[in-house]
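Below, each structure is written out as structure tokens.
Two complexes, one shared chain (chain A), two partners (chain B, chain C).
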Partner chain A sequence: MAQLTFDDVRKTFQEGNNEIVAVDDLNMEVRDGEFLVVVGPSGCGKTTTLRMVAGLETITEGQIELDGRSIRGMSPQDRNIAMVFQSYALYPHMTVFDNMAFGLRESTDLSEDEIDDLVTETSEMLDIKELLNRKPSELSGGQQQRVALGRAIVRDPDAFLMDEPLSNLDAKLRAEMRTELQRLQEEFETTTIYVTHDQTEAMTMGDRIAILDHGELQQIGTPMECYYEPANEFVAGFIGEPSMNFLRGTSDGGVLRMEDFSYELSQSTVESIGSTTEITLGVRPEDVEVVPEATQTNDVAVEVDVVEPFGKENNLYLKPEGSDTDDTIIATVGGRKSVNEGERVGMRLPEEHLYLFDRSDGTAIRHPTVEAEEITPVAE
Partner chain B sequence: MIGLIASAQATTGDLLTSVRESLTRANRKYTVAAILAVLLGLFWVSPLWGGISTAFKTQSAFINTIPLSPPPAGEVTIQPWLRAWETLSPSLGNSLIFTLPAMVFSGVLGSLAAYGLTMVDWRGQVAVMATFIVAIFLPKQGILLPLSRFWNAVDLQGILSSLGYFSLPFAHQSHTTLLILIITHTAYGIGICTLLFRGYYLTIDHDLVEAARIDGAGVFSIYRNIILPLSYPMFMVVFIFQFTQIYNEFLYALILVGGSDPSAGAPITLALAELNSGFSQNWNNQMAGAFITAVPTLIVYVLFGEQFAKGVKY
Partner chain C sequence: MSVLTKIRNTMERSSSPDYRSENDGMRSYLKSDFFRSMPFWLPPTLLMGLFVYGGILWNFVLSLTDFSGVVRPEYSVSNFDFEMYFRMLEDPSFWSAARNTIVLLVVFTLVCLVVGLCLAIIVDNLLKGQGVFRTVFLLPFALSFVVTGVFWQWMYNPEMGTINTLFDIVGMGFLGQDWLGDPALRLWSVMFALMWQFGGYAMIIYLASLRTIPQEHYEAAKVDGAGFFKMYWKVIIPQLSSASVSIAVVLMVFSLKAFSWLYVVFGSNPGPAADILGVMMYREAFAANQWAYGAALGTVLFVTTVVILAPYLRYQYKRGEL
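Right, the complex of A and B next:
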């Protein structure tokens, strides 16, 4: 039962005469029982943030509160949190049983029998009961990962901290463990902070996502919010695979003048732009329509540069005709549509799916407008 | 007839050609290296061989033959070995009594020190590590005088008797000297043991210590449950190294013990020196004595040499 609050948290490192800011004035709240994914590129400060919660890094300024109490200055031993490391950090000289029992022996007063029961129960839940007498070196990567999880679960902590636990697994195993982790978290309802650089994990696993870049929080919200209503260019480009297409342009009256084409805007869009002139236009690959010929206004004549077939869909790299750069726009179309490289087709960008960003600071000016009727529940 | 000669010539020609060929191919380097290795090996082994053969010679055989030649027939004797053993065996016990504890203590203390310097976070670690390194480089000769003055000033004899040690059934006069040697060798060995363990602990994944901290283990619990079990290979290295250093040591023994009297606690190194002094130089006794002295270290290396090699290769 624990809410985790970050209050103006700041972390700096001294390197010679330079002060490196790893985390810059982080303010956020992780609700009790929530699965929060902290995501961002390498070096964005997400692991440092996690380690501050664990007590493995000191907090330079600010406060972190767990379950209402400030944990700043508290040693890791006293914080009642459990962590799953990227390298699993299993004790190599101990059996799986002892690995899982160690935390209970060190931080609780439970009898050996009670510990035995807890460890056996948890191992059954994770399907590793037959492995209890083996040493970590005798296990596969997936099994080691389950033991690392088991070690954390058995302690029944106030919060789970996970540092990229799936990154050492192969793609198939990773997909399986993703689902399993979600199931476990829902069962235990323990507050979890999950750090990753993989936006797919963020989208599929998190109740909410916190996106960091260079130590600063860019946005915190549900996966849908971060996907359809990104706060800025960085979030828009980070969430979504393949990532959003960004095109530079200038706003001139009711027209967006891009490098290779022009786009007429509707009145409401012009109003939302206001007086900003330097614009970045964003459009997601799945929203780019490919038509046989550029016929309507705002259609662009393009040449297909590269085709990436995925089976269920195709990624087309489109190059506007007359363009003097090699920049392409990615469009995702259905797998059954056949297109060949070198073909000349038309590209249509529907206005309701456009994202517009202020080029000077990257903030979002306009999000796609989604008609209410488009979102329908599957079951009544 | 001519045909036979011709064919013989041809065969020899083939032979010479193939020899030349094998020498001109990469094999040449291998052959040269092999020859050099054998020569070097013989060179290294020759003193050993000279010593062994001398130890089996009678006095006259020794005078009349060069060291490298084996004892001539009729002049083979094991007398030197018996005489040497007679002189040395009482001191062998002394040597082992102070070597083994000092080896263990310096190893354990070195391990603890290295743990504190690598796995625990506190200020001033660099300064302390530097002190240990300086301690390693302190020459024995340089601190000899302060050391002997120290032991003169500290009346260990008196302390032990006031503690009632000498009323114990197994207590002996020489134990004071042996304790002095244990303490001195432990202290002198801590530096190198710390250095060896530190290098080893730096290769241990720090994640393990962090995971243990999160699991609730304190500093000592982490040492006892995580680090110590993982230190086994390095302990082998340290023990073997320290055993050799302490057992073979001569200078401290000479200054701190004095004579070669085994009942006064003299180690085997001093007894061996005793064997080498005197007016008549009995080289055969001395050679035999040297080999007898070397036997414990040889045993240690034969039994644990593989562990040593494994431990050094991180």
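Right, the complex of A and C next:
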């Protein structure tokens, strides 16, 4: 178990005469026993960050500390860190047993008997005991995944690093392994950095999420914080499926003027905007209300452009009437709500659910004001 | 009768049940892939059959006679015997040639594999100039045995050869040897020269094979705590086994064919220290006119080659690569 600290970490690559910044001034702390998910689009520097911790990439500037000691310049084999690769990277010529024992043989002084016990114990826990004598090529993707996990777990390292370990599995298996991984991590309480581009994995698995974009840390916080209190437009758009709707507007007194409609703001919201004029309004699809007709002040008459049925819910792509553009606003409504394409309805954006961002730098200037609801058990 | 009517009549006739049953077998045969592809495979098959396999067979038949170039060989079954093969067993020069052939086969192949592997790993780890080194090491392979034979003859020359001269220059003249003259050194000098020529081939195949191993395997081994040598020894090199097998087979076949190199350097008699079966076969047949004996040696060489190749071909066949 260990704590990992990133101190002004910077990584650049040289490509010809150009310097490419992969990770820029990264400062964050992974707490002892924490499951931190690093998430971001391709090329955001998340894998590079992980590889720097593993020792597979050098650190250009700054420090990474493992339990207070700098690991900069230390070779991978001296770090006592285990990594699970996206492709699993199982050694094809070795049996499952040898794959799992390899790290123990190389990095510890344990006797063969002790190694045997540890491997058997771990394989039982992962339900792969009967596969120990097989070669990786004789295993299914899910089984290979378990072996790759077993290989990391058996070493009882200071930290686990996982580089998109579930991305090669089919959807059902992925959901299963997600739960399994969480269970294992809670059992071992080993500090884990988990890299993914999948925001669902980030939301469901992490104790905290670190969101990276263009090598810069955008926000680090619990999944709920990142979802309900995104630091900026990027985080707001990245976390959540379907993505948040963004509408560009200009603040004009108490009115927010968008391309196709205007929105009257309450006094408290106007105060939070202050002198900012260029505003982006954000609203999550599940917060967009669809009403039969636009009757209230801020209601907008819209046409249903496309309906995407998911069974439990429908995603409606709404287009404000008279709009010249193809831009639509996504609303998520109950699956049993019958709405047809081409239908004219009203769209209501409740003010308490609105996000506002300063368009000049994307920072959030207002989050929804709705308080978290508590589930109170019914008194007997 | 117009042409059209003729065609129509033929078509009608051919579609009648009687006519069809007669011609069905012939027709489907003519339409089969086997028949239709004949122009492509038949001529090469006939040529190969006659000049390669026919030649081998004839050579074997010749080895059963006692043809020694004076009178025409007598091809009658009553004359056939294995006399030439028994003669081989009693011939000390056969045993020295066979021993040298086996030493060359085994030592040259192993040394080449090791050198090729080391070169491949070094070149693979170079950050710059990979292309240059690849070409430099592979170039000797592109040269013919005749060229490299003459070249090494000069290199090994005891008086003015590059090797002894270099030793003199660095003040280690005492290391200079009569590389090709000294019977104790002769076979090793030959193997060194052949290794120089074929090490690059082994390297290039190993290098290509190394490229197919995913980077993650190296990384996983490092993270698992393996150092540079352990990583290669336990994780990477075992994955090169199929490359090793195919390189070894090619090298072994080349070592059996080292005839031209030896012939260029030593003529038809390299002496017992460097004689190999290929050279002995040539000497017996073309220099000593012992045609039948030469043919018997040729058959032994052929069988040796088949014994080396067969397991490999079988292995390739089972893997579906043949």
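What we mean here is this: the second predicted complex is superposed on the first by the 370 of 380 C-alpha atoms of A that agree within 3 Å, B and C clash if a C-alpha of one lies under 4 Å from a C-alpha of the other, contacts with A are read in each partner's own complex, and residues count from 1 in each chain.
What we mean here is this: contacts are C-beta pairs under 8 Å (C-beta built on N, C-alpha and C of every residue); 3 or more make two chains touch, one makes a residue touch a chain.
Treat the numbers as computed from the prediction; the structure is a model and nothing was measured.
Because the two structures share chain A, they can be overlaid on it, and in that overlay chain B clashes with chain C.
In the superposition on chain A, A:Gly346 contacts neither chain B nor chain C. By the touch criterion stated above, A:Gly43 is placed in contact with neither chain B nor chain C.
Of the two partner chains placed by the overlay, neither chain B nor chain C lies in contact with A:Gly33. When the shared chain is aligned, no partner comes close enough to touch A:Gly142: not chain B, not chain C. Contacts of A:Ala82 after superposition on the shared chain: both chain B and chain C are touched. Touched by chain B in one complex and by chain C in the other are residues 54-56, 75-77, 79, 81-83, 85, 87, 89, 91-93, 102-103, 106-107, 151, 155 of chain A. Taken together, the chain A residues at the contact with chain C in this complex read 54-56, 75-77, 79, 81-83, 85-87, 89, 91-94, 102-103, 106-107, 151, 155. On the side of chain C, the complex with chain A involves touching residues 214, 216-217, 219-227, 230, 234-235, 238-239, 241.
For chain B in complex with chain A, the touching residues are 205, 207-208, 210-218, 221, 225-226, 229-230. Of all residues in chain A, those touching chain B in their complex are 54-56, 75-77, 79, 81-83, 85, 87, 89-93, 102-103, 106-108, 151, 155.
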